[in-house]
Amino acid sequence: MPASSRSSGLGATFENIVMIELYHISKQYQEGQWALLDINLHIKKGEFWFITGPSGSGKTTLLKIIFREILPTRGQIVIDGINILRLPDHKIWKLRRSMGIVFQDFRLLFHKKVFDNVAIGLYVLGIPVKEIRRRVFNALRLVNLHQKMWEYPSHLSYGEQQRVAIARAVVNEPQILLADEPTGNLDPELAFEIISVFKEINRQGKTVLICSHDKELIRHFGDKILFLFKGKIIGKEVQPFSRK
Amino acid sequence: MPASSRSSGLGATFENIVMIELYHISKQYQEGQWALLDINLHIKKGEFWFITGPSGSGKTTLLKIIFREILPTRGQIVIDGINILRLPDHKIWKLRRSMGIVFQDFRLLFHKKVFDNVAIGLYVLGIPVKEIRRRVFNALRLVNLHQKMWEYPSHLSYGEQQRVAIARAVVNEPQILLADEPTGNLDPELAFEIISVFKEINRQGKTVLICSHDKELIRHFGDKILFLFKGKIIGKEVQPFSRK
Amino acid sequence: MNNLWQYRVRNLFSATIIALSFLIVGVFFSLSNNLQFLASQLAENMVVAFFLNPGISAREQARIEEAVKASPGVAHVNFVSREEALARFQKSFPELEDILKNLGSNPFPASYEAVLQKKVFLSEEALGLIEGIKALPGVEDVQFNRDWVKKMQSLSRLARAIGFFLGGILILASFFIISNVIRLNVFARKNEIEILRLVGATNTFIRLPFLLEGLTLGVLGSALSLALLYILIKLFPLYLGQSLGVLQEFINLRYLSLSQCIGLVIGSALMGLLGSLSSLSRFLKI
Amino acid sequence: MNNLWQYRVRNLFSATIIALSFLIVGVFFSLSNNLQFLASQLAENMVVAFFLNPGISAREQARIEEAVKASPGVAHVNFVSREEALARFQKSFPELEDILKNLGSNPFPASYEAVLQKKVFLSEEALGLIEGIKALPGVEDVQFNRDWVKKMQSLSRLARAIGFFLGGILILASFFIISNVIRLNVFARKNEIEILRLVGATNTFIRLPFLLEGLTLGVLGSALSLALLYILIKLFPLYLGQSLGVLQEFINLRYLSLSQCIGLVIGSALMGLLGSLSSLSRFLKI
């Protein structure tokens, strides 16, 4: 698969183009309990969003639906013009190659070295080894972990593992970057640095969505903030002139 | 095993008795890299400590050594008068029954219900079923999760899973409570509540050690604070008259 | 034990593998049994015939009879008169009737047929015994199929060798399988074991379920294999149908003896226990 | 393929199980081969003897010879004169020499011995053939061991039945084992598969390694089993030693034929592929 094909239709250069559209999205894991209820949201290309809300309010569920890891019970999602619910299973990989995600539970491979954990998304694209090495090193340097490249994740501290997950998500330079509590296990200084990295990526035209509880971070970086509570949007804060 | 035996020698009622003594503790996972270096620390019974420091500074390593999950490279640890490094493997269970721990990665059993995850420490003690049910319910109510008692952990949000881990650690009413970043995935309000729970337990005479990055929490609750950096103690803050 | 049910798919699979492997052991035990049975049946039909001189005196004949009967290892003795010998020959070779009719006198000698005890017949001491009697006056000739004796000896040895050889290999394989199955189970429950340790479970508390599991798997596997073997043995002749009437003696398959069954079950139970122990000692250090 | 090495312990274990199971299939194929060989050898020694009237005319005899030789399925024909018949009898029954000496004339008739082709001998048409020749004038009697014919037929059928029955069961079992081994492997790499999906790997990219793994396991397992079988067959007689000289015909074990070996390898390769596919289709839905 040529590497260029992953940006087909997604790499449009217009500003103000809508990237993620959610229409009446609801999710019910179990009868009678709505993890998400009637979510409507339009996210433009190049925007930087924070999603916040108490534990169990549906933040992770929302990210998983956008990533098409789970399907919503109701509603439609359009990403870069494509209704991803109509996408057949064997074409999901096209969508996935345009996105990077940092899961709340990291999902690292403990029997593979940090290098391979980060490189796995590049292997899949069939990129030459030299190029892979360069890109992985750069991604790890962004999160200040290049000196642990040849360690196993089980030999890392929890915060270091989280940074590996972040490196894996950004190494592909995806159009859309989703991050679920990416600084939950980092000290405030490092958290600040990491979000700056996301901001830098955002400045290159990528769309970024971050779930976070950290009020200070949100206060400092939040261009656009979505407040969730019990599965519902209870507020949006949008700065018309963001700091970017 | 009668339930009472677990507090043998550990439930002394004197104040000012030393509970945890660390002498020149150092830990080297790999040649040349000291995860901990010459840590000396005396923690008295009924004290409430925060341990803080940047990612990778050795907080988790310190807790694991106290819990005797790993052995230090150098130094000695005495817990309630017993040198735990001299404790033979087949007697570790006695030490463990006097401690509760919340791991940074939770370590829940995903094929067992929340109830069983919390109850596992009580099963081991051979406590009657009725009593187990009562205690588990109370522990889950403390972390505001009693309504999810019969769910599987995989059906919970990340913050909810963290609360299950907390409930499991406190259900035994251990003499020593260790918690590694117990509020990393919780919203500030809930984090506040949870630490209040720990404070309440501490008020009953138990010794509590919490690792945390959260400056606000530490500012609010911290009687005694230990600052780690690159495996060394770079500071201690001790309020002579703590708020308890 | 709880866990046996929890991982029922994996454990069913394991029990099936174990049963299969024991079934193979069982098949060969049963084959060996059948061979032994066939051998013993053939040996029972084996007799040594001492032909008497036509002109033998009554005293000499009595001495020979006594000597044959007194020999250790002789089960019982038949006297075959000359008339009986003739009648037998006529029955065996009806196409030679003409020849016999043309004969003036009965050419067949009388004989004592000694039926030897199986264990004696298959042993070397039979030869000495026979030589001794052959030396008596009045014994004209001795007839017995020494080749058959040897073949029977070899066949019996072969059966035993197959039994030990394949049995040994397969029992080793079964041990290997059980121990690996338990290891997989321990491995699958690594997390649970770890957490049990963390909450202060004693070693016994952690190990007991696995030991019971190994025991149960062993017993279950062997019981299943015995049932399968029984069905196989009962169904196999049916499947082959009527056409085998003439092969009756070959396919009259016999099941394992009770003591063999009990031995198999106890053996596999032990194997299950040992298999668990060997896995546990490796995985459950701390 | 990388993963074959990464999980070498588990895969070695798997290959061993598969090899063991194929070994059993191989043992029975080889047993069946040996039985078939024994049967064919016995069949080759089987003849039908047509006894001639003592007072037969030369023309009648010529007609009989012609009829026997012209019969389809007759491999070749021997003429046994009366003198030869007598000589044979003397050789077979040396203890009856006295009787024969007392005879005035040679009581044995001359005969044609027809050696039948194996396939004819074991078939029912042999009977019709024999009846036809028996009806010719000058044929006094026909002798052939119909029982032996039947036994051979049954034995051959038995061998084939054992082959199909046990072979079928064991090949099913092997398929089950391979498919489960691959399932375990897929299961063990669930996390990796999940992450590959997350980073946008195509289905082919994910499936190919498992298919190759199943293929390799199948081929490895069957090759290993062939090697083991060879060793078993070569070592077994050695182990039994000299004592079996008289049983040479039983233990002159034959290996599988080349086409059977190739069949086994290809079959197990296919089995590996199918086993992987069946596991993958269940686990790799999305």
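A, B, C and D are the chain letters, set down in written order, and residue numbers restart from 1 in every chain.
To be clear about the criterion, contacts are C-beta pairs under 8 Å (C-beta built on N, C-alpha and C of every residue); 3 or more make two chains touch, one makes a residue touch a chain.
What you see is a predicted model, and the numbers here were worked out from it, not measured in a lab.
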Starting at subunit B, fewest touch steps before arriving at subunit D: 2
Greatest separation from subunit D - chain, by CA centre: B
Between subunit C and subunit D, centroid-to-centroid distance (C-alpha), Å: 24
Length of the line joining the C-alpha centres of subunit B and subunit C, rounded to whole Å: 64
Approximate Å spacing (C-alpha centroids) for the pair subunit A, subunit C: 70
Residues of subunit C touching at least two other chains: none
Set of subunit B residues in contact with two or more other chains: none
Residues on subunit A engaged by subunit D in the complex (per definition of touch): 1, 6, 67, 69, 89-90, 92-97, 101, 107, 109, 111-112, 120-121, 124-125, 168, 172
Residues of subunit A touching subunit B in the complex: 29-30, 52-56, 60, 104-105, 155-160, 162-163, 180-181, 184-191, 213, 215
For the subunit D and subunit A complex, residues of the former touching the latter: 6, 191-192, 194-203, 205, 285-286
